[in-house]
């Protein structure tokens, strides 16, 4: 029984990792070697990793392509744009969702339940319904191709709000109640008691939002029109021209944009599981 | 009393920012999209009244006569202000605008001004028209899409591509969701059988899910190419190479397989968390009762995973129906298009924002009803177990 | 006194600089070289018109059509931009492009110097909406070494379909002795109406009739299509680039997997850069009843929303004159004006391209609505099925005829 389990898991682990390993191998193949272009489609591939330098596709492996990516396209700029986009979106959501989440979890105000139910019902609306009017709004206020246009409309999701509300809801009430008896106001309770206790949730939410915007493609595709405003996902297309696909560079760029997310994930993995935010990272 | 009032104020103040952002970027746009879907909103026509014209040139081009050649009374007989405006704008205008122009446009004055050389300079088309319009000038201030009732929806019924896109989206969801759910379940059960290295497996399964679909599409573009890795591997089993992405009959299945690959490992983690929450005592009791592994799985494990299954299937359906990035990068033939792609193309490639909104609206209603039906169906199905 | 003159001069210069009109020029950059070549032309113009008009070149990368649609609808499109002949009409019909007839008269642009085929491609409902900036015709590229190996004479302008088929049959060979061919006579695109059209025309057929309805169901047109697909399905002398792991025709040709391809001048730079070892020649496309080839061309156009149309036209006139000379010389593409083509008279490679433009068909499908992309897509989908043997040509033609009208609405 256990053996079968191991086999299943191993096969799937190989399936999961092979595409990335292959992409990495391709990214280390020089574009040309010995006066001829390196054929990354060759079969069987001449690969031998146990020598120095390793041999990939019949040529010595190199990391030059990674440097070349920065040279061929404004990769550094796209990296920065993506960082700004993901960073601002994350920051915005942290503020909006923690304040909002606290209000809906702990504070009583008329119409609260009605508003909350209404907000929840919005979760079902596909982005394609709102994207056209939102785009026109951006056009109207001249925000197309700006950082504002990129991240502002992204602050509207209610998932984070719902998540933070659930988290605050699950926190023990006693501390806040005793603070209230001591005369602490809402702000004190929120900043001094609730927020410090919700560190795991805030971290999980940050990663969730950051990852989502880092990998986002549709909105940058619509709202950015200038090369200098592109994000990394947009930039990938640059290695594919009508006449030629620069596989080595494309794979290098792909690996470089994936690696930071993998590292972040590995470091903060436990928060994902602890808070159960893994609800709908991707469809 | 005072405390409650203060709390209410704080409540509103705390929730205000998110409410504002939701109102501006979700609620109002929904209302607008609803309105758009009953209009012929054409992004390319948005500037028709803002374009500038040389007035003399505009009239001269339409009449085909120089100012000194014009005899006002004679020219007036054949002068149609509506077709004059259309020629100036370069495209057709609505019946309503034509009616207004024919009723209120001072053709005589325009022709007199032209013949006498009083007409000169450049102007925005809208302003130029309003200069000679006795009434109804507000219709020429800025572009207003025409309300065309249900025309967009009627056209949809006849639009072959709408049906193709809808069909493809459905196929995508119907194939991908069950397979990825099933696969995730198997992986979770395997990982839960007290094997070592679970965290390694979990991590490697998770990596596809945290990689952007744009990057994954690029990697698979490489792997799926005709002399690429996948065909070469399959040829070891004697399978002839297939041009996966360029052939319309294999492109969509190829993208679906890729999608399953990205999400199965991810949902496995959800199931694993559910499995680990099942108390060991229940399992042990079943073992004592003599239930074999298979029975235990069907009779105990599966029913206890009900919430996770519902969640995974719901997320799967919503996600697969709305898949976009992979389609954008990997699908070439219009025959393989999906609803999300078709909406995007109509709105942003062809500028047909009215029609695209109508498509989006229908798409939303379909997703909504599927989710509701599925929820009903799943609840019944799982209860029966 | 002197200082007064000085002051006047300064004021004058200031006034001039202040009133300098900026004309924005947009286009898709197909290569860095193209960008540099156009920039060189722009720089020359700016030098000549310093203080009056300044062109600012803004390349638009990515999905050009989507971006252009967005800019036109927001009213901030460049004052001059590229339009591809293939879909230009879809923009002409929406009223977003300024007709140029009046400007052409006002600024005395000599239209007789342009190749009429190219000029007519940008007419819509009797008006000229754009002026061609350059062109590319399809010619037959052949690999000299592979022809020598089988002892065949090189293709020339007298070649007919039969010569092509004969040569392709000879050139399709098994070189490694495994019983299967590994080099082929031709590479063709399986799903490209634009590559099939030359054959349709060569057979004496037409793409559309007088009333703009489709002519693909006519006997001659079918003959042309049949020959194209037979090269693959019946004679087995043609393959698709992807069959040999090539991204496109040029790639397959450069890898020396095929001896002939029908392609355009963009091949020249590509081969020089990526496959310098390939020794190739160029000939006009073979013919049957008629000579025919395909021409791709791009025009400059001015949007209706431009605030400086006259200045834009002055700039455009320069780009079509002196600018075209600079641009085409630097880039090695083919000028759309006869007077500029003179200098290439004795260029053995370019000769074939120029010969083609006289009888070439501009790559667009004229339709009553101006919309053709859907029809092209549908036809190509069926072509692919024919190529793959999933559908017969007769079936495909039948479906095309039956549905054509609904595709071009």
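The first chain written gets the first letter, and so on, giving A, B and C; residue counts start at 1 in each chain.
As a working rule, a residue touches a chain if its C-beta (ideal position, glycine included) is under 8 Å from a C-beta of that chain, and two chains touch if they have at least 3 such contacts.
The shown structure was predicted, so the numbers you read here are calculated from the model rather than taken from an experiment.
Asks: What chain pair shows the greatest number of contacts?
Replies: Max contact pairs: A-B.
Asks: Which chain lies the greatest distance away from chain C when centres are computed from Cα atoms alone?
Replies: A
Asks: Hey, how far is the Cα centre of chain B from the one of chain C, in Å?
Replies: From the centre of chain B to the centre of chain C is 32 Å.
Asks: Taking each chain's centre as the mean of its CA atoms, how far is chain A from chain B in angstrom?
Replies: Each chain reduced to its C-alpha mean, chain A and chain B end up 21 Å apart.
Asks: In whole angstrom, what separates the CA-based centres of chain A and chain C?
Replies: Here chain A and chain C have centroids separated by 40 Å.
Asks: Taking each residue of chain B in turn, which ones touch at least two of the other chains?
Replies: Chain B, residues with two or more chain partners: 225, 227-228, 348.
Asks: At least two other chains touched by the same residue of chain C: list those residues.
Replies: In chain C, the residues touching two or more other chains are 70, 73-74, 245.
Asks: Give me the residue numbers in chain A that touch at least two other chains, ranges are fine.
Replies: 41, 234, 237, 245
Asks: Provide the residue numbers of chain B that touch chain C in the complex, in ascending order.
Replies: Interface residues on chain B, with respect to chain C: 42-48, 50-52, 54, 57, 60-61, 89-91, 158, 160-161, 225-228, 243, 246-249, 333-335, 348-351.
Asks: Which stretch or stretches of chain A touch chain C in the complex?
Replies: 37, 41, 139, 144, 225, 227, 230, 234, 237-238, 241-245
Asks: State the interface residues of chain B toward chain A in the complex, per the touch definition above.
Replies: Per the touch definition, chain B meets chain A at residues 4, 6-12, 14-15, 17-19, 21-22, 24-30, 32-33, 36, 186-187, 189-191, 193-195, 200-201, 203-216, 218-223, 225, 227-229, 232, 261-266, 269-270, 273, 293, 311, 315-316, 318-325, 328-329, 339-340, 343-344, 347-348, 353, 356-357, 360-361, 363-364, 367-368, 371.
Asks: Spell out the residues on chain C that touch chain A in their complex, using ranges where they run on.
Replies: Listed in rising order, the residues are 30, 60-62, 67, 70-71, 73-74, 245, 247-248, 250-251, 266, 270, 274.
Asks: Considering only the defined contacts, which chain A positions touch chain B in the complex?
Replies: That would be residues 1-2, 4-6, 8-9, 12-13, 15-17, 19-20, 22-23, 26, 41, 43, 95-97, 99-100, 102-104, 107-110, 112, 115, 119, 122, 124-137, 152-153, 155-156, 158, 161, 185-187, 190, 211, 214-218, 221-222, 232-234, 236-237, 239-240, 245, 247, 250-251, 254, 257-258, 261-262, 265-266, 269, 273, 276, 278-283 of chain A.
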